[in-house]
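Pasting the structures in now, so scroll down.
Each of the two complexes below includes chain A, the first together with chain B, the second together with chain C.
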Partner chain A sequence: MGINYLYPPFEIIRNQDRCIACRVCERQCANLVHHYDEDKKRMTADESLCVNCHRCVSLCPTRALKIVKTDHTFKENANWKTEVIEDIYRQAQSGGVLLASMGTPKEYPVYWDKMLINASQVTNPSIDPLREPMETRTYLGKKSAKITRDGEGRIITSTTGQLKLDIPIMFSAMSYGSISYNAHKSLAMAASELGTFYNTGEGGLHKDFYQYGKNTIVQVASGRFGVHPEYLNAGAAIEIKMGQGAKPGIGGHLPGSKIGEDISATRMIPLHADAISPAPHHDIYSIEDLRQLVYALKEATRYTKPVIVKVAAVHNISAIASGIARSGADIIAIDGFRGGTGAAPARIRDNVGIPIELALASVDQRLRQEGIRGNVSLVVGGSIRSSSDVIKAIALGADAVYIATSALVALGCHLCRTCHSGKCNWGIATQNPELVKRLNPEVGSQHLVNLLTAWNHEIKEMMGGMGINSIEALKGNRLMLRGIALHETELKILGIAHAGQ
Partner chain B sequence: MTHITAGFMEYEALNKAVRSMEDDQITIEQANGQRYIGSALMDKHLFIKGTAGNALGCFLDGGTITVYGNGQDATGDTMNDGKIVIHGSCGDGTGYAMRGGCIYIRDSSGYRSGIHMKAYQEKQPLLIIGDRAGSFLGEYQAGGTIIVLGRNQDGRPPVGYFCGTGMHGGTMYLRCDTLPVSLPKQVSARDAVDSDKQVLSCLLDEYCTIFSFDKQMLLASHFFVLQANSAAPYRMLYTHV
Partner chain C sequence: MDGCHQRIPLEGAFRNSSGCAISGIIDRSGKRFTAREAITSISVMHDRSNGLGGGFAGYGIYPEYKDYTALHIFYYSSEAKRACETFLEEHFDLINLSKIPTKKHPAITDVPLIWRYFVTALPTKLSFSQLDEDEYTARCVIRINREIEGAYVFSSGKDMGVFKAVGFPEDVGEFYMLDEYEGYSWTVHGRYPTNTPGWWGGSHPFSLLSYSVVHNGEISSYDANRRYIEMYGYACTLQTDTEVITYMIDYLHRRMGLTLEEVSHVLAAPFWSTIEQKEPKEREEYSYLRNTFASMLITGPFSIILGFKGGLMALNDRLKLRSLVAAEKAGRVYFASEEAAIRVIEPEPDRLWYPSGGKAVIVTLDSMQEGEEHGHQLSVSAL
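Here is the complex of A and B:
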C-alpha cells in the first residue's frame, strides 16, 4: 500500500455541548462512521467513511450533527479541479473503472430551466381548477389515424391496448435488486392509488407484487431475467429496454454479492450468480429485428398489452425513434442523459448521450414531419424534477413523463450517489434486511402519493393559467413555451420562440 | 389430431387459429416461415411440416413442438418449459435466454445458439445440436447444458469462433478430438471422464431415441467439457467515485 492521497471530502461537525452520546448515529450508519470513545467518554467519527447521506443528521435527537464540505484544497486550478486530480489518484491506485450512481452531477445546461410557460391575460380567460373541471387523464398507445365505421355506421374503436393514466406521470424502471423490496412496494402501492404505473425494471417481478399487476409495467431486457409468460401477462404493458439515459450503450451487471434468496427467486438465477444484461440484445441488430421482438411479446400476450420500447437519448435519436414508431411498438420511452442509475461507469454517465429536452423536441418534430406521430405515444424521463418540468415536457410533445430520482427523493433519498455500495442508510438502494426495514412502505407510498397529488394540482393551476383545461390540449403546444438565454440553434431544435418574441 | 394448412396464411391468423383449437394435438401442414408459432403455449402438441419461421416457440411454457423441416432464427426464445424437436437445422439465436425445457436439433444451428442460457432450481434447460453450431455458441451462458455432437465433423470442433464468450455458469459438451481455437479466457475445458459420460448418456437418451442415432457410438468418442473459469468473470475491478 502506498500513501493514500485522498483526503475525506466531508467533515462531521459534532456539537459536543449538544451530544448526549445516545449512539443513534452509530447504530444508523452502515458505513461505520461514528463510534463511542470509551476513554474520552464521547462520540467520535471517521469522516473518511462518510458519504454525506444525512441519515445521522436527520436522526440525531439533539441536532448535534452536521456534515460540511471540507475546506481542505489543492492549489486552486480551474482546469485541474479537485475531482479531476482525485479521480486520477483513484485509478492510479486501483486500475479500476470509475463507478458512480444516480444522474450526472456535472454542470450541463438544464433546458427545463431555460424555458418559461405562458399565461393568459385579458383576451383568453384563465381557468380556476378549484372551480372548473380540469382533465389530467391521458391514454398511452397507438392512436388510429382515421375513423372507420362498420356497416351500421358505428365507429370501430381501436383494439390495441391503451394505458390509462389519471396523471401524466409514471414511475420509471428500477429493478428489484437495484432498489429494495420496500422501495418497490412503495412504488407499487402509490401507482395503484394514483391511477398510474410503476415499472419492474429488468429484474423480474416479486411474487408478492403480482397483485399490483394492473398498475405495473413489466420490463424485458437483454438478459431476460425473470421473464416468462406469467410475468408478461401480469403487467398492463411490456417495456423492451434497449437503453438507459445514464449509461447509453452499456448493459447492467448486478454483482453476485447482491443476489440474495429473494432476488435469486425473482430473477430466476442461482444464489450469488452474477446477473449480466449486456448492452445489446443479441437478437436485435435492426428495426426489423426489434419488430420481431415487439410482435413476439404481442403474440405471447395475445395482443392485449401495449409494448413500450425504451431507448437512451443519443445523437440521432429522431431517426431511431422514427424506426421504432414503424416497428409496431405502441409507446416510445426516451431517457435523457441526466437520468439516474444504481451503478454506471462515471465517464459514461457524465459524457454519453444528450439532454432529454432536445431529444424530445427533435423526436416529436420528426415524427410529425413523417406523419407517424400517432403511431406511438412518447414518454420521456431523465431528470423530471417538478410539475413545471412535466408541463414543459408535455408542451414540447410528450404524452407523459417517467420519474425515478424524484420518486426516490420522496422516499427519503438524499442523493449521496453511493447506491452502488449497497449500503443505503435510507433502505432504498440496498438488500441488507436491517437497512431495508428502515423504509416503511406505507409511509413511503404516502409520500409518493402526496408528491404527485401536489404536482397534479400545480399542473392544473399552470394549465388553467394558460386557459387550457386538458392535458390533450397542452400536448405539443409549443406556443406555450418561450426560451430564455438560449441561442438560435437551441431555439430551433426546441421549436420555440425566445421570450419577448 | 387437428390439421391446419398454413400455406400463405399470415402468422397472426395462423397462431390465433392454433390457440383457439380445443384439440391439443395439432398438425400444421405447409408451414412457410410463419413466425411465433407456439408462442407462450403450455399445453399443446404441435407438429409442423415445412419451415417454421422466426421465434418458433418463443416463451414456450410446456407442451411440445416438432418440426419436420427447418426452424429459422430465435427458435425457443426465452422458453421456460416444454420441448422443441427440429428434424433439420435452425438459424441464429436458437434458445436465446432459455431457462427450462429442451431443444433437440437433428442437424446444425446458426450463430449465438444457447446465448444467455440460464438455470434456476428445477429449471435446467438442455440444448442438443446434432452436427455443428455457429460462432458465439453459449455466449453469456449462465446455466443449463449445451451439447454439440459434430456428427459430420470427423472429430473437428463442431463450433465456430468465440465459443462460450462471457460464459459464467452451466456446461457445454463438445464431441470432438481437438479444442476449438481461441477459446475465451472465461472458459475452462477438460476431457470428459467416465462420470461425464454417464451424465451425457442420460442427457442423450431421449434425443437419440427421437432421431434414431446410435448413442453408444456417439458416447464412444471423445468429448470436451467446457465450464466457466470462475464464478464471476465479470468482476471487473471497479473503484468508487
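Here is the complex of A and C:
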C-alpha cells in the first residue's frame, strides 16, 4: 500500500462542552468512528470511517455532535472535480469497479420540479375534500375491450385479476437480503393497513410474511431465488423483473456474507453462497420469450393473478413497452434512472438509462397512439419524492407509482448511500442482527402509514383544487400540467404546454 | 381552419370552456311541434349566454327523408365546398342537396355557406370498407372535419338536424326559420364561452350521427377523456367539452352496445362508497363499468341533454354542480337549466323536479319498442 490520497469527506464536530462521554455514539456506530480516549478522558473520532448517516447525531443526548462537509480542497477545477480525481485514486489503488448505493446523486434535470399543477378559478369550482368525497382508489390490470352479456342481457362482469389500490402508491421491490427482516415487515404491515401493496423483490418471501399475501407482489427475477408454486400463489400479483432503473442491463450480486440461515432458506440457496442474478433472464432473449414466461406464470396461478413486467427506463422504452403491452402482461412497471439500489456499479447508476418523467410521457403516448393503452396499467418509479410528484406522474399518464427510497427515508434512512457495506446503522440495509433490531417494525410501519396518509391528504387537496374528485379523471390529464423553464423538445416529449400558454 | 377569416385563433386552436343555458322538450306521443317553444324557453335565460353561440337540434324533422343521413355543412370558401362535394360523391349517393334556408338577421353576421345533403352510403364502398353504415358515415364525417380545410359537417343524423350559429340562441332560431320545422323533440343551447370563438362550428349542439349534445359546464376531466377516446378513431378538433362528451356517448352506446343508463353509470359513475352499498349483482355491474371505462368518467360541473333517435336523456355531474330542472305535463317532458325556462312555456306542469347528481333521466317515445334502445329504460314516472 502506498500513500492514501483520499482525505475524509466529512468532519465530525464535537462540542466538548456538551459531550458527557456517555459513549452512545461509540456503541451506535457500526463503522467504528467514535471511541473513548482513556488518557484524555474524552471522546474522539476517526472521521475517515464516517459515512455521514447521522445515527450518532440523532442519538446524542446532549446534541454535542454534528457532521459537516470538509473544506479541504483540491485546486479548483470545473472539469476535474474532487470526486472525479478521487474516483481515479480509488480505482488506481483497487483495480475494481466502483460500487455505489441508492439513486444517482448527480445533477441531472428533475422534470417533476419543472412542471406546475393547475387549479380551478371562476369557470369551474374547486372541490373541498373535507366536504365532498374525494376518491383515490385505483384498479390496476387489463381493461376488457368488449362488453359481453348473458342470456338475460346482463353484462358479464368477470375480469382477469385486478389489483385494488386505496391510494395510487405502492412500495416497490426491495429484496429480503438487500434490506432487513424488520424493514420487510414494516413494509408488509404498512401495505396491509393502507390497502396497497409491497413487493418482495427478487429474494423470495420469508415464511413469516405469507400472512400479508393479499397485499404482496411477489417478484420473479433472473436468479429465480425463492420461486416455487406456493410463493407464486401467495401474493396478489406476480412481477417479472427485467430491469432496474439504477442499473439497467446488469444483474445483481448479494454477497455470501449476507446469506445467513433465514435468507438462505428464503432464497433456496446454500448458506453463505453468493446470490448472483444474471443480467438477462436466460429464458428470455426476446419479446416472444417474455410472453411465454408471462403465460407460464399465469398457468401456475390459474389466471387469477395479474402479471407485472418491470423494466428500466432506457432509450427505446416506448417500443419496448408496446411489445410488453402485447405480451399478455397486465401491468407495466417502469423504473427511471434516478431510482435506488442496494448496490450498483457507480458508473452504470450515474450514466445508464433515462429519467422516468420522459419515459412515462413517451410510453403513455405511444400506447395511446397504438390504441392499446387499455391493455395494460402503467406503474412508474425511480424517484417519486412527494405527493406532488405523484400527481404529476398520474397527470402524465401513470395509473399508480412505486416508491422505495421515500419509504426507506420514512424508516429512518439518511441517504448516506453505503447500503452495499451492509453496515446500515438504521437497521434497514443490513443483515447484522444487532443492527436489524434497531428498526422496530411497529414504529416503522406506523411511519410509512403516516407518510402515505399525509401524501394522500395532499393529493386530495390538489385534486380538489383542480376540480377533480376521482383519481381516474386525473390520469393522463396533461392539460393539468404546464412546463417551466423547459425547451420545446422537452415539452413535446412530455406532451404539455409551457406555463403561460 | 387557418386563414378562413379571423385575426384571433379559431375554435379548436385552443381549449375553450363555456358557461351556458340548455333546454329540451320531447312529446312522448311522437306528436311533432315547431321549435317556437324551445326558442321562447331559451330566451328567458338570455343572460346565461353572451351572444357567442347558440343552436338547436330537432328530431323527427325530416320524415320524407328519414332513411337518409342529413348532412349539414358549413363552408368558408367555394374551394372547400368543391373539395367536400367531391369527397361526398366518392363516398355517398346524394339524394338531395340544397342551401339551408335562412333569413337575414341583424345580429347574425359573418355567415358562411350553409348546405344540406341527404345521402346514403355508396353500397360498393360500404361493403368494401367492411364497416356498418353508421361507422362508415361517422368516419367520413370525422375525415371531412379533420382534413378538408374550410368545410365543417355539423349535423350527420337521420331524421334529425342541428342548426347553429354565432349569436344568441333565440336569434339563431329566427335566422334558421325554425318555426317552419316540426319535430317530436328539440334541444337548444345558449353559449357563454370564456374565449371568443368566432366560428360557427364551435357553437352547440355538438352532434355525430343521430346523437346531439347540449352541455352546460366545464369538465375538469377533459384531457383524460380526450386522450382516451382519441384512441378509438375520434379526433377532438374543437377542444370543447361537448365534443368529447358526444364522442364518448357514441363510443359507449353505439360501439360498445351499452344502454343509455349504463352509459350514465360510466360518465357520472357513483362514488365507490355508494356502489358498495348496492345489492351484490348491481354492485358488480357498477364496479365493472366504472373500472372498465375509468378514463371516461367525467368530473367537474356538467349538465347535459342528449338527443338521440326517439328520445332525450338528461344527466348531471355526480355532485350536481350545475343546475338542471325537469318537468312533466301530460305526454310532454321538459328539461332546462332554470325552472323559469320551463314555466314560461308550461306554467303548470304536473310534476317538476330537480334530478339528482349522476342520475340519468331517460325519456323515450311511447312508440319505441321495449328493447329498441337496448332495453332497461326507465319510464319517467318511475323516477
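Rule of thumb we're sticking to: the second predicted complex is superposed on the first by the 500 of 501 C-alpha atoms of A that agree within 3 Å, B and C clash if a C-alpha of one lies under 4 Å from a C-alpha of the other, contacts with A are read in each partner's own complex, and residues count from 1 in each chain.
Following the convention adopted for this analysis, a residue touches a chain if its C-beta (ideal position, glycine included) is under 8 Å from a C-beta of that chain, and two chains touch if they have at least 3 such contacts.
Nothing here was measured: the structure is a model prediction, and the numbers come from that model.
Undergrad: Could you look at A:457 and tell me whether it touches chain B, chain C, both or neither (first, second, both, neither)?
TA: neither
Undergrad: On the A-aligned overlay, A:227 touches which partner chain: chain B = first, chain C = second, or both, or neither?
TA: Touch partner of A:227: chain B, not chain C.
Undergrad: If you stack the two complexes on chain A, which partner ends up touching A:255: first (chain B), second (chain C), both, or neither?
TA: After superposition on chain A, A:255 lies in contact with chain B alone.
Undergrad: Can A:127 be said to touch chain B (first), chain C (second), both, or neither?
TA: Once the two structures are laid over each other on A, A:127 reaches chain C alone.
Undergrad: Of the two partner chains, chain B (first) and chain C (second), which one does A:54 touch, if any: first, second, both, or neither?
TA: Neither partner.
Undergrad: With the two structures laid over each other on chain A, which partner does A:283 touch: chain B (first), chain C (second), both, or neither?
TA: first
Undergrad: Mind listing the chain A positions that touch chain B in their complex?
TA: 87, 90-91, 93-100, 222-224, 227-230, 232, 253, 255-256, 264, 268-270, 272-274, 276, 278, 282-283, 292, 295-296, 299-302, 346, 417-418, 420-421
Undergrad: Which residues of chain B touch chain A in the complex?
TA: Answer in residue numbers: 11-12, 15, 19, 35-36, 39-40, 42, 54-55, 58-59, 61, 73-74, 77-78, 80, 92-93, 96-97, 99, 112, 115-116, 118-120, 123, 136, 139-140, 142-143, 166, 168-169, 231-241.
Undergrad: Report the residues of chain A in contact with chain C in the complex, numbered from low to high.
TA: Against chain C, the touching part of chain A is residues 120, 123-125, 127, 132-133, 135, 137, 139, 143-144, 146-147, 153-155, 157, 159, 162, 368, 371, 373-374, 397, 466-470, 472-480.
Undergrad: Show me the residue ranges of chain C that touch chain A in the complex, using the header's touch definition.
TA: The contact residues of chain C facing chain A are 15, 17, 19, 194, 217-225, 227-228, 230-232, 256-258, 262, 269, 271-273, 281, 284-285, 287-289, 291-295, 297-301, 318-319, 321, 374-376.
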